[in-house]
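Labels run A, B, C, D, E and F following the written order; every chain starts at residue 1.
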Amino acid sequence: MFTVTVRDHLMIAHSFRGEVFGPAQRLHGATYLVDATFQRPELDGDNLVVDMGLAATEVHRIVAALSYQNLDDDPDFVGINTTTEFLAKIIADRLAARIHDEALGPDADGLTGLTVRLHESHIAWADYHRTL
Amino acid sequence: MFTVTVRDHLMIAHSFRGEVFGPAQRLHGATYLVDATFQRPELDGDNLVVDMGLAATEVHRIVAALSYQNLDDDPDFVGINTTTEFLAKIIADRLAARIHDEALGPDADGLTGLTVRLHESHIAWADYHRTL
Amino acid sequence: MFTVTVRDHLMIAHSFRGEVFGPAQRLHGATYLVDATFQRPELDGDNLVVDMGLAATEVHRIVAALSYQNLDDDPDFVGINTTTEFLAKIIADRLAARIHDEALGPDADGLTGLTVRLHESHIAWADYHRTL
Amino acid sequence: MFTVTVRDHLMIAHSFRGEVFGPAQRLHGATYLVDATFQRPELDGDNLVVDMGLAATEVHRIVAALSYQNLDDDPDFVGINTTTEFLAKIIADRLAARIHDEALGPDADGLTGLTVRLHESHIAWADYHRTL
Amino acid sequence: MFTVTVRDHLMIAHSFRGEVFGPAQRLHGATYLVDATFQRPELDGDNLVVDMGLAATEVHRIVAALSYQNLDDDPDFVGINTTTEFLAKIIADRLAARIHDEALGPDADGLTGLTVRLHESHIAWADYHRTL
Amino acid sequence: MFTVTVRDHLMIAHSFRGEVFGPAQRLHGATYLVDATFQRPELDGDNLVVDMGLAATEVHRIVAALSYQNLDDDPDFVGINTTTEFLAKIIADRLAARIHDEALGPDADGLTGLTVRLHESHIAWADYHRTL
């Protein structure tokens, strides 16, 4: 099994609802490092898991659409706690939709899985893994 | 599948028995970075894998109980080689016991797996993975 | 010349005023890794630059007072662009005041300089250096 | 399940064939950080996954045989795109052959899997995982 | 004194002349992480050391002009050992020229120094510092 | 001004004397990452600050002489607190002596300064800088 990973980042504001969040119930923010991992059982004819340039471009497009925002104001997230683990899933699902739309090229239908890791600091991170 | 990871560290002395260990048979020591990863198939009602504050507190409690010790003198490790991979298992098992005691809250019974990674240097680390 | 550095982090929301900031004029946020570096020409009687425990405690106190806030609402920063480089100076100046108050102990009067580095992502950071 | 990982690196020149590679079709080069991960369900009698010294030595031997080369001139890679993911497999397969030759000692027959990760930069890396 | 740093990277092939270089006399290559640090005694009216977006763009332009090349074929480097420390100076000098051309805006004339660090691996790096 | 840095590491046991050290008065240990930085105003005839291979060899020799030891038993450190900052100086001074002995070659007399950084964990490190 092969994987390839590309890293990007985003900077957002948000707040959480629920006592479990303590001071993070206040409006605050985060830099998230975003590691998107593409999985494929065999390499394609170019010896690639995925066109890394296209992959980085699509990850950046998804990340840029979320960047420099207050996520509390995003209509997609009304009443939702945009936790690190939840955002990992959002980014993975949006990336999966783009793969199915052939944004990473027709060869990308050989991809079988996708993992998105979001680092919220040097001491905490979250992953979401899904099949394709 | 979701995971969340928190990082802590500990500093200990120890020695090993067995020719395979070469100069590490002498009393020496290590800083271990500890990455504890909690696995859960679905997020809870707060969109969390685990209460990260409680998780960090429990990891720290376990790590602090080992810290600033000569592990050769710890009654739990008499005659045992406290290798990096062995210590990863010790920390994971102690953390699993705390989860079963509901130290991470009742929602933590949704956790299905646990991985502990110990970095002994910038060029060597070990993982132990177990189910919950 | 000796230095000792301790690392902490904070997570805040803010926005900037001025065309130079582009999309960062919108309310967004950041995780800042904070590296506080203490400088001293000679070690003290314990072979220390500074009591690292006290240093970490004071850095954390200053960082915690800023954490989980929208800096746009902080009375100290009304009408001010709280850029990474500006926040590095704020933290350094607050730390210098605490050193002068002997919060790091009387031996800390041997410290001659202070640098605060704030990492806003894996690809951008800022430093502020001052004398004591 | 336990794993142990050791890190090494290599520096090579190469070029790629195929429009998908864009400017990387020109002769260029890379530093690859190499993380070799050894997997074993239970620890051996010394509480080890593998003799880490021997493991590091074998990884280094394989890496050194590729280092400071133009891979385009290597008879093993004639007409082959030596992508990051492909090189991860080459290193893993060479390491697997050495394990089967007992280069890591007879106890290493308890190893069940091997992963090689190659980092080509701070924002891109690839993994290959295989059984033993 | 303030500084701001932005990180980029480049991937090149080259070879060295001289026995001191051992196997690196052969054609090989490297990924260089490039950290460009801009120094300024006081912040500008926007509380900035430099427009970080412009700074990153200029660093990238200089880095891209060197990327995916065999430096042995670059007319600027005929008969020259393009060591890590030498390339740090090349990038710093090209960046200084762009600053003097006001590519970073007219406010950038407040910059007083520039440091370029090139990491050739996780265990080796070089810096060049110059005034502006 | 140019610098070149090489990284190595060591693993030791030790204990401290003095209330300021709290639990670190007990026998414990550390992994220290060691970054040795060589400073030179101009490059030599090979475009080098120092022969990096020789530099790495000498750093390793000094580090290996300290490794896998209980520093409390080292005759050089009787009654001395072997703090991170103190050990940075020890390694720097031993390296300076080797440079003066021409262990890095006769060209190394162009070196003007030396910095040794010891990382004791991901959140704490110390530097010692000296002239040559």
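One rule holds for everything that comes next: a contact is a pair of C-beta atoms (placed from the backbone, for glycine too) under 8 Å apart; a residue touches a chain by one contact, two chains touch by 3 or more.
These numbers were taken from a predicted model, which means no experiment stands behind them.
Fewest steps needed to get from chain D to chain F, stepping only to touching chains, is 2. Taking only C-alpha atoms, you rotate chain A by 120 degrees to land it on chain B; that is to the nearest 5. The chain pair with more C-beta contacts between its two chains, of B-F and E-F, is B-F. Chain C and chain F touch with mostly distinct residues; of the residue numbers seen at this interface, under half occur in both copies. Look at where the CA atoms of chain A average out and do the same for chain D: the two points lie 27 Å apart. Once the centre of each chain is set as its mean CA position, chain C and chain D turn out to be 41 Å apart.
Measuring from the averaged C-alpha position of chain B to that of chain C gives a distance of 31 Å.
Those residues of chain D in touch with two or more other chains are numbered 7, 122-123. Interface residues of chain E, counted against chain C in their complex, comprise 1-8, 43, 46-49, 51-53, 56. Partner chain D is touched in their complex by these residues of chain B: 16, 18, 20-22, 80-86, 88-89, 122-130. On the side of chain B, the complex with chain F involves touching residues 7, 9, 11-14, 23-24, 26-33, 67-70, 120-123.
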